[in-house]
Amino acid sequence: MIEHSLNIRVPYADTDPMGFVHHANYVRYFENGRAELFRAFGLNYKDIEESGIQMPVLSMQVKFLNPAFYDDLLTVKTFIREEPRVRVKFEYETYNQHGLLLNTAEIVLCFMKKETKKACFPPENVRKIISELFQK
Amino acid sequence: MIEHSLNIRVPYADTDPMGFVHHANYVRYFENGRAELFRAFGLNYKDIEESGIQMPVLSMQVKFLNPAFYDDLLTVKTFIREEPRVRVKFEYETYNQHGLLLNTAEIVLCFMKKETKKACFPPENVRKIISELFQK
Amino acid sequence: MIEHSLNIRVPYADTDPMGFVHHANYVRYFENGRAELFRAFGLNYKDIEESGIQMPVLSMQVKFLNPAFYDDLLTVKTFIREEPRVRVKFEYETYNQHGLLLNTAEIVLCFMKKETKKACFPPENVRKIISELFQK
Amino acid sequence: MIEHSLNIRVPYADTDPMGFVHHANYVRYFENGRAELFRAFGLNYKDIEESGIQMPVLSMQVKFLNPAFYDDLLTVKTFIREEPRVRVKFEYETYNQHGLLLNTAEIVLCFMKKETKKACFPPENVRKIISELFQK
């Protein structure tokens, strides 16, 4: 299993008249979570894209348990529990500064050749790094 | 069943370097879809909120089948297939201008008392309108 | 002078804990305003971009006079008062459903060759349409 | 003069089909910049708001010199050069990881009583902290 934690300070712009973080914004936080997970393990999504591979989102599901508020300091935990092939499933847990679980999520992406827009296996450097992490 | 269609012209700001509508933006389109469904049936989310009831999102799941691009003219179809009680399930289908199905979604909200932040039944005027629609 | 009006229903996601439309969102409304002005006069920003010309924003200034609220029906008036050359200045006035002026803005864009990222004159079809409009 | 620097890693969601950070997003970065400036000097915008004072934006102007790209590590420098009274002018300079100046901005906010929506002087604790900073 690969795991990473990202801290996010809730910006004013992300909250709504209920005072809550608007639910659409967690989708952006999750994207930041997986970019930073990649970076922490020596991968860079920008490099992947420049090598001709894109990673569109195939599905997402989020369960909201508790709201976040302006200025909360969130911890977005990102997990990869299964070794990725054509698809990668990212799982998420978001906590606030009091350790309260705010939501959980599953987001599935795939590797896709930029030119052909066809799904593909991960590029060799990505596959190798991930494979080593899963063998530990 | 209650059904409503909303047209949305994809703004430049909503698209990403892949040229696709960024997946977080559909969550906002779905919110607009249910606001306009409510309006079409004589309800107004703003009035509901001013009467002391808020409607937080409990869960959402989206399956992405095809991307939308800048300037596409989308049709967001919003459905309520089950008579709402404390919870309301909105189902969605998004199509582009060629009739291609882009994604499907289910988003569950609940009615909540603003003061107590406790889940509650819909206010009487909302319940009555919805109930009549489901008896047709 | 070229002028165009666009109606925008304020989405919940665009409002903040003050109940106001968050100021960053007007920047997106203005972008929609100029896209629809272009369309109304037979131009399409998507076509311009596909012809190899992009239009980055060089500067913007906005004066906020009154707030907009959730569910307000805004009218974004977009004006081009000077015949565009390499640069195009869009001027804006936003009104709410009561005719109250909410803000004014000036946003300057330029035409830029996608390949070279150098500023350039508008493509011939754009130049011709605009020129005819200014000669009326 | 009060000065503060905030680092922002550009998220994928904030970039557009040109590959550039969409210009509306800088407005959100600037908001984060002033929140963190406040925090660095012992003030907290959330506390200010909870004490019954809000800070709406009166005007903004931004000059864009160079674009930012996905995954760039930006430095948003926020300055207060004049001692605030009813109004506070925040000035900004955004740099990328190569030290290139990307844009400059001026954003003017005011202090406003939440109840009456009338402009007002800053609350005493805010006034005192700022005043001491300007006397140094």
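Remarks
Should a chain be cited, it is by its letter among A, B, C and D, assigned in written order, with residues numbered from 1 in that chain.
Quick note on the criterion: a contact is a pair of C-beta atoms (placed from the backbone, for glycine too) under 8 Å apart; a residue touches a chain by one contact, two chains touch by 3 or more.
Just so it is clear, the structure is predicted and the values come from calculations on it, not from any experiment.
Comparing the CA-atom centres of all chains against that of chain C, the greatest distance is found for A. Inter-chain spacing, taken between the CA centroids of chain C and chain D, is 24 Å.
Put simply, the C-alpha centre of chain B and that of chain D have 34 angstrom between them.
The residues of chain C that reach two or more other chains are 12-13, 17, 24, 28, 31, 49, 70, listed in rising order. A complete topology is adopted by the chain contact network, contact being made between every pair of chains.
Listing the residues of chain A that touch chain C in their complex gives 12-13, 15-17, 19, 22, 24, 70. By the touch criterion given at the top, residues 17-18, 20, 23-25, 27-28, 31, 49, 54, 56-64, 67 of chain C touch chain D in their complex. Partner chain D is touched in their complex by these residues of chain A: 9, 11-13, 28, 31-32, 35, 44-46, 49, 70-71.
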